[in-house]
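Per-chain residue numbering starts at 1, and chain names A, B and C are given in the order in which the chains are listed.
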Amino acid sequence: MSIEHHVKLPEGSIEKNTTTLNLGPTHPATHGVFQNILELDGERIVSSEQTVGYIHRAFEKLAERRPLYQITTLTDRLNYCSSPINNMGWHVTCEKLLGVKTPKRVDYLRVIIMELSRISDHLICNSVVGVDSGAFTGFLYVMQYRELIYEIYEEVCGSRLTTNMGRIGGFERNFTNAAFEKIEKFLAEYPGVLREFENMFTRNRIFMERTIGAGPISAERALNYGFTGPNLRAAGVDYDVRVHTPYSSYEDFNFEIPVGTTGDCYDRFLVRNNEMWQSLNIIQQAYQKVQDMKGAEAEIFHADAPSYYLPEKKDVYTKMESLIWHFKIVMGETEIPPGEVYNSVEGGNGEVGFYLISDGGRTPYRLHFRRPCFIYYQAYSELTKGAMLSDAVIVMSSLNLIAGEMDA
Amino acid sequence: MARPVRFNVHPIKANIKDNISLVDMPEGYAGDGFFTTSLSKVVGLARQNSMWPMPFATSCCGIEFMATMASHYDLARFGAERLGFSPRQCDLLMVMGTIAKKMGPIVKQVYLQMAEPRWVMAVGACASSGGIFDTYSVLQGIDQVVPVDVYVPGCPPRPEAILDGFIRIQELVGAESVRRRNSEQYKGLLQSYGIQ
Amino acid sequence: MALTNETIKERLIAKFGDQLSRFEEPYGLLTFEAPKDLNLKVMQFLFDDEELRFQFLTDLTAVHYPDQAGRELAVVYHLHNLTDNIRLRLKVFTAIGQPDIFTATQLYSAANWMERETFDFFGVNFVGHPNLKRILNVDEMEYFPLRKEFPLEDQTRIDKDDAMFGRGTIK
């Protein structure tokens, strides 16, 4: 018999059956700043409300002030775990607007860098899912290989994390021999490390108990919520921008798209792991194709588009025409055709879209970033309805929520 | 022709045999079974080599901090083995990343929850001065809301720079007098931020 | 038979007649404009139709054109047909004095936060939205920052000197 039958409680004493728990914005599990206000009934989550915007940096307004090259530095800071993908996505968008066609070698080099950054993004996500379920070792093992990826970025563009890599039409300098040696070292050593990481987690009873059944989503709901990327693929839909609208010569490569079934955390973990294997496969193919290019073709690292490609610095200091083109591009004297273009690339989290409206001026009239994290975080309350409190944390980290991309 | 600079292509293995550095003893008078020195020196020595940092990572600098914490650029060598996530148990608030105006009151609240003595390190250009985001929604530096001890510039700063900032914090901690937190000057500093 | 831009255009004109206008294909993406009262009807038609099946909302945003009187705010929807791999752009214009647009949240759950963001930045009022309040900016903000008349920088800051940053003349 329930308590109400025996005791007459004073009015209004047990009105609210749920406890409110504030998770964030600063919380060890939220990697980034976003807030979740959970209503808990004991340990079950009844409902949750998300608040974002704690790192809103007004990228879209900033972009209206900056000419096309300066926007590359903004795109770095969207999904900062895999900044080269954003950089190259932006450059591919500009090339679409300006009508610049990139040579094959540039495309293959871009593919190598983009797949390396996809590996580094999935590495962080998967190892952090491990950390959140209590396993810190996996994180330490794989971070070493992230350092090697950073060294490859340094050889190409000079910077580790916010890379600002490349130009409209190609790269700012040719890849050095050291860069190729480091890529070879990565291809030789990383598969063993990834295998070790997988062995630690994939059939680990504790990890499986934590993640199987946590935050599942069906394919129809995921599509309605606008999911893309590994989260959608874990739900069973094989939508990948690299295959649907190939950019940067992705159609020349053979790779598979790993797909899950239930869309829960375990499936997302497995999909990301398998995507890392596929990325290694792609890098191997691209590297082979680049090594097979000989002679003059092996020296090409940018398109022949002098009105948009910022010339290499040594040419600017020695040749007159490069100096003039550099001056014209920086001062905004080159023609940007008016028009609107929407282009998207497959980022670490899904479809990163750039909607660029140009009115012919030096800076865009309007630039909008389609940010996958922002769009799929809405589904969080549906994913965790009825789940336990510990699942709230695991779901958050397995969705790979990056605050910079969420708030832009 | 590309620049002929090559780093770490064939890394040299470091020689770690007998290569462990220890902290120097403070100056004092030693005798048979006793050692006298000033209290601040001993307290400073203990505090500086066992800082408990609280990482307040918001954006890209947070990823560089994760790299600093990982095994390559180990932060634990400097005594910061235990990263606390509760401000009530930590000495050093490391603010890493852009702080938006929406987040400003939260930084202040976290700072207020820390117990004295507490230090603040602003890592990155955004935390120091707003960085590249001179916009309506970004706080132009966390020193608008909390007093800062060390600023580490960079976008993002290399892990070596973060370690350098941490070493400077350690120097500040070691040199601090035990009376500083009760002094008029410190109270005036907190008053200027609206903190009692 | 593969679905092409031509087929989509014919089906749309067959259903809605000349209420839809400005069909163009910049960079291969079929773009057209609908009157603001019809936005839901057009999207529902595109969603339900057996052949068209535009069931994925890629993006929802707005653009501010201060010079077009009566049509200052444009809400732009990017739709995607995943099975046939065709994209579409729908634009809906509204006047800035009365920017009411019907919400798409019943049709696409993804539109929920995207419409809140558009409201936050431009002040577009989505009629029927379950929770239309600011999402990215602080709740107390009184203006809509991405409209062209507002500046980028915070005007109350004292530590940055606009003259030293070369601001003032370049837009």
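Keep in mind that, in the parts below, a residue touches a chain if its C-beta (ideal position, glycine included) is under 8 Å from a C-beta of that chain, and two chains touch if they have at least 3 such contacts.
Nothing here was measured: the structure is a model prediction, and the numbers come from that model.
Two chain pairs, A-C and B-C, are compared here, and A-C has more C-beta pairs in contact (counted per touch definition above). In this assembly, the chain whose C-alpha centre lies farthest from chain A is B. The mean-CA centres of chain A and chain B are about 29 angstrom from one another, to the nearest whole unit. Separating the centre of chain A from that of chain C, both taken as means of CA atoms, is a distance of 24 Å. Measuring from the averaged C-alpha position of chain B to that of chain C gives a distance of 45 Å. Residues of chain A in contact with two or more other chains: 53, 56, 58, 61-62, 407. Taken residue by residue, chain C touches two or more other chains at 136-138, 145, 152, whereas all remaining positions touch fewer. Across the assembly, chain B contributes residues 102, 135-138 that each touch 2 or more other chains. Across the complex, chain A is touched by residues 2-3, 6-9, 56-60, 62-64, 66-67, 70-72, 85, 97-100, 102-103, 106, 110, 132-133, 135-138, 155-156, 158 of chain B. By the touch criterion given at the top, residues 26-27, 29, 31, 55-59, 61, 63-64, 76, 78, 82, 85, 87, 89, 108-110, 112-114, 117, 121, 134-138, 145-146, 152, 171 of chain C touch chain A in their complex.
By the touch criterion stated above, chain B contacts chain C in their complex at residues 101-102, 129-130, 134-138, 140-141.
On the chain A side of its complex with chain B, the touching residues are 25-28, 31-33, 53-58, 61-62, 73, 76-77, 80-81, 124, 139-140, 143-144, 146-147, 150-151, 154, 160-162, 173-174, 176, 178, 181-182, 403-404, 407. If you check the complex, the residues on chain A that touch chain C are 52-53, 56, 58, 60-62, 64-65, 96-97, 221, 223-226, 237, 239, 244-245, 339-342, 344, 351, 353, 355, 357, 361, 363, 365-366, 368, 370, 374-375, 377-379, 407-408.
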